[in-house]
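Quick heads-up: structures coming right below.
Shared between the two complexes below is chain A, which has chain B as its partner in the first and chain C in the second.
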Partner chain A sequence: MSIQAAPRLPLKRQSLHKTRWGLVISIGFLALVLIAAIFAPLVAPFSPAAVDLLRVNSGPTPQHWLGTDALGRDILSRMVYGSRTALTGPIVVVLASTILGLLSGLWAGWAGGKIDAIISRIFDIVLAFPALLLAILAVALFGKGLIAPVIAMSIAYTPYIGRLTRQLVATEKNRQYVAAYKVQGFSAPWIATRAVMPNVLGVVGSQTTQNFGYVLVELAALSFLGLGIQAPKADWGNMINEGQAALVSGNFLPALIPSIAVVLVVVAVNSVGGWLSDKLGDPFA
Partner chain B sequence: MRLLDVNELNLDIKVHGAPTLELLKAVSLHIDRGETVALVGESGSGKSLTARAVLGLLPSTATVTGTIDLGGVQVLKANGPELRALRRTRAAMVFQDPRSSINPVRTLGAHLIEPMMQEPGADKAALEKRAIGLLASMGLSNPEARMKQYPHELSGGMLQRVMIAGALMNDPELLICDESTTALDVTTQAAVIELLSTAVQERSMGMLFITHDLALAASIADRTYVLRNGVVQEHGETRQVFEAPVSEYTKALVAATPSMAGAPKTGAHISDSSQTPVLRVENVSKTYYLSGQPPVEALKNVSLAIPAGGGLAIVGESGSGKSTLGRIVAGLEGPDTGEMSVAGGEITGSNAKERRLKKASRVQMVFQDPYQSLDSRLTPAKALQTVLKLHYKLDAKAMNARVIELLESVGLEEKHANLYPRKLSGGQRQRVAIAKAMALEPRLLVLDEATSALDVSVQAQVLELVNKLRREQGVSVLFISHDLAIVGEICDELLVVQNGSIVESGPTAQVLNHPQHPYTQTLLASVPRPRWETNPHGAAEPQDADLEPAKNSSL
Partner chain C sequence: MAPPQASGAKDPGKPVLAGLKLAAGKIGSFIFTVFVSSVIVFFSRWLVPGDPISFLLRGRSPNPEAIAEVTAIYGLDKPPLEQYWNWITGVLTGDFGRSLQYRQDVSEVILGRLPVTLGLVVMSGIMIAVLGLAAGICASLLRGTWADRAIIASMSGLAAIPSFVGAIVLIAIFAVQLGMFPSFGSGTGFWDMIYHLILPSLALALSFIAVVGRVTRSAMLEEFSREHVEVARSRGVTPVAVVIRHVLRNALGPILTVSGLLVAGLLVSSAIVEQAFGLAGLGSLLVSSVDRLDFPVVQAIVLIVVTAFVAINTLVDLLGPVIDPRLKAGEGAR
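On to the complex of A and B.
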């Protein structure tokens, strides 16, 4: 009865405090990638498509900091331009699937009964298909590029957010504060969206950032397979694919650089996302 | 002979980035064999920490100084294996909520026997026999069959008996009960207290009985320690602590503890029966259908009325249907059959929103747990503004004035207006909840166990506040409670419900002093009474008559 009073709050501070340096590095790195993506023409030293046939597979030089690929294109410039597609895809997918998932999950969890059963079964059906498979199917139907796979992935990732939201809302709606709102004359849609929704956003937020990582990797995989962004447009995934050829001739940079970038962005997003959802879920700590 | 000797126990919790919390300061206490000692205090007083320290169950962030001697073992110096042996053989603990301290997927038999199987050379058959014997001695029918049952098949009271049987399996010298009866109904509590006293006497164990309830301590303990903010305020023979407290804090605590002795205090008598009743409930029934279970008749043909300005208490144990009644009155649920009207007349309106708002302005509700009934994202000011905005058209200035007026009417100050609920104490939170309800100037206020999650001194203040609102604003009150000892403080009429039916009703004083129905008599007899009072309805004068009223700073 009395033991709960003391150590609850400080423990959380402590864990945040411990990892703060990692957080700072992650935020810094993401900011760097974002700036590069937005101001790509200003940041990139060369055009991503400019071919320098005299310096093929060159390795790092004062001109080409990260070297050149098999066609003599500047890797740094291609990385900078590639970050645009690498980030746009996941951002759109995460935004779309989060909005869809929040709305459908809220509806299912709040309404319960038949509506809940129907929405939940739809979630189950979508979950039965791997996201990558749906994306490949979309490419087969609508052609290569970014748009078809992004729409497919948005649908494929909706149930992850939706199921979580549904479960959180179903628990939350039985809490006393919801009954208190009802007694005061607030309408059900108001309570669901204005009172319950903010209270589940923290947990949903952490799922969202996890999804960002998965989507980034899967879209890169799609592009690696040649089904996503098409050459000569730069994308991290097709850069890894094209870099394979250079591996044979002993130049590992064209494949390694984009691979490292994918890993670092995913790690950084998860670390910032974890911190953000702590803040969102518990903004008054 | 000394069984437990705690000497000058200090406990600090130091967490990175936060000031050191001094949770226990020079706590000394001792227990002899065959003696029951109560440790009384409000939440945050350190009573549970003290108990945990005795078993060496402290968080790793704690710094401890002092000594704890349990039957010759220095607990604070003992290592892991020594502590485990100590807990296996010397001491046992019974926790507050049996349902959350027992593994739901194991049988009760496994719960009882498994810890003892850790002992080298344990004999399973002998242990089973012993467990069955203990279950029988706990008053559980059919103990052999119980061994194969799962926790969900038993009620909370039965489960707590199993927990006590489990604690006695190792024949401990010291039994620690940490709020062991707090989650139980009053009749069940009386039975469990009886069992515990018997067990202590028969086995000449020592018992450390931790509770927030001074009256409960008085009913079981030989000696009592009063703890506040980690400091022992007072200790001595229980009767002496209860009847002639020395420290100011104990005096306040005794005064705030509701007493059944003597004539019950009654709340404001301001009901006006000439007007239409503020609430009329006629032949209301409600049945719940749960899949795979027999239907539960929560309410059977219940009728009642509250005159304008009146105060009606509904008392019953868990499952009696009292909360269902409150929810129906507040409009959270509809009755299956029967009629109900609040403030006279049908609720009419051209659309759903209008009807909803009209209903809300007639009846408001305050819930049990202020830690759950407030939206943790809204400060009191924001919460009040949200409600006011829905119901009234106020400009910014009028809104601000109204918010402050409401906060002041429940005894809060302007400085509380912009604090998030987690920065407020339980009592302050419940005041905010009451302010929110009163913002709509309702005719009827439903209070569903609105004080049972609060400390006694805070409870006394909240009850006082409700009385003030009744006097000054003429609001009628439907007070739902399990606690017979407090209903007299605010209600002039009393209903006793059992299994969905009203078994007795009448003026509070009359029902409490001359209960007619056997169930009411059982309830009254179960209210904890000091051990030294043999005659429950005797003419014992209330001991707190000459004491200061509660002036506790925790609010």
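On to the complex of A and C.
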């Protein structure tokens, strides 16, 4: 027995490592971006706003690893500082929409009947507004920047989490363990939040991860359109916008580097999300 | 209600009636959603603190004529509900009020911008349908081979490319390096416009092609494994006819559902592509109107896009059973 079991273990471990290789790289990359964002002043070699008109649109050099933009600002430093807004926006939106979605979905799924019908109708109406469009409307009302779009996107993404939670809770409600709690005399709010909620969190978590990628792209798009983070401040989206002028004269780096960063972060986040949903299982698959 | 019948097929009137009822319900909820959206779009202005005149005149000199003009456009001296009524009845007859920026009717400004956006959406719709279906069908026919794997890999790559990144990359390669296509403007005349719209449409289409390709592949594979396909094959139906009549026809349902959502997404993303390629479309009009604080135009475009968005989704819902009659049985069957 022990002789047979011994060689099988390392084999299994090896295969596990092989399949998760992409995940390891993704998590490593995301950790790197996060550290750069948190410690931006320590990581960035230059100030993101330092203009050097003698070194405009330079390619990569020993001082400027990723080159400089049309005003001679260091692209690497701007990328590092830009990662702050690139990550904060989506993190706030994802947190807010997940909390709102969980609560409203839990309420709808648990209560059923009229409350369910009303909340579901509200979800339908919010879903009629594409997130980016709602964000643009918010900017038109409250002005450019990060705050108005982030609030608008938090509202726009709530129904995605809310519908999912509602569906999960509605099926979970009829499970035996809920009946068991009821028989024991636990109150409905207690069962809903303490017993049912934890069983729902896993699946909602993988949807949340997926939303993070969408929100990141949409906020970057908004800033690319000139409606998000404003010009002197570095943000990946407005860096692409500013870099477009250099693009036509054949200098690709200022626009291409932030573009690649957006794509890489989204791919990395989605790979983590994919792993999460594999691990937790999709009940509707 | 009537007792359950052994075979519903004997009474063709019933399913049709049920279908009509379902359709009426969907149209009803379409009208309700659009109505509530119009209320939200109109009254969103009240969320901004301060009086409406100074909100509408942000960034403009508040001289008496301007104040009089804005008051007249919005009927600001009337109660809010009457203002909404005047606005919505105007909208229903194609009158969206006046643009503060262009000093023109909003409807005229929008009509002038419509051709470019429609061209963009139609062209990338065609690209998505042709390339997405082709990639998905090829992958499903070549299932398990290196070609299938290559298509899947490039689909996952494409799916991660946002339209502004696609625009940057396409401009760098095809406009700057190769000089094959223009990188700016929408040209003059019909054919020139189509030529100018090729790169923008592709930039818009890229990630959507990947989504349609994936859905097509998995829907096709599911149908391939069905019994009726096996039966058709053993009856000696030619492989091409099997694919077209027995597999693709049945796979269209899920493909259509996804496509509906995508076309709606195209409308919003077109703003990004229009900005990147300097196209004078509806999306860039929306952005410049936000930029220049021209709220009447913003309101009109948001309402139009939301209505189109909801209309397309309703249409897909309604078309589903027509394309795939198995859906017509509705909830009762399964």
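Keep in mind that, in the parts below, the second predicted complex is superposed on the first by the 256 of 285 C-alpha atoms of A that agree within 3 Å, B and C clash if a C-alpha of one lies under 4 Å from a C-alpha of the other, contacts with A are read in each partner's own complex, and residues count from 1 in each chain.
Everything below uses one rule, namely that a contact is a pair of C-beta atoms (placed from the backbone, for glycine too) under 8 Å apart; a residue touches a chain by one contact, two chains touch by 3 or more.
Bear in mind that the values here come from a model prediction, so they are computed numbers and not experimental data.
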Touched partner set for A:186, first chain B, second chain C, both or neither: first
Touched partner set for A:42, first chain B, second chain C, both or neither: neither
Touched partner set for A:54, first chain B, second chain C, both or neither: neither
Chain B versus chain C as contact partner of A:259, first or second or both or neither: second
On chain A, positions contacted by chain B and by chain C: none
Chain C to chain A touching residues, read off their complex: 29, 33-34, 36-37, 40-41, 44-45, 47-48, 160-165, 168-169, 171-172, 175-176, 183, 264-265, 267-269, 271-272, 275-276, 286-287, 289-291, 293, 295, 298, 302, 305-306, 309-310
Touching residues (chain side chain A, partner chain C) in the complex: 124-125, 128-130, 132-133, 136-137, 139-142, 217, 220-221, 224-227, 237, 240, 243-244, 247-248, 250, 252, 255-256, 259, 262-263, 266-267, 270
Complex contact set, residues of chain B against chain A: 13, 15-18, 21, 23, 41-49, 52, 59, 61, 96, 178-179, 182, 210, 212, 327, 330-332, 352-353, 356-357, 359-361, 363-365, 367-369, 372-377, 387, 390-391, 420, 422-423, 433, 436-437, 440
Residues of chain A defined as touching chain B within the complex: 1-3, 5-7, 9-11, 13-14, 17, 175-177, 179-187, 195, 198-199, 283-284
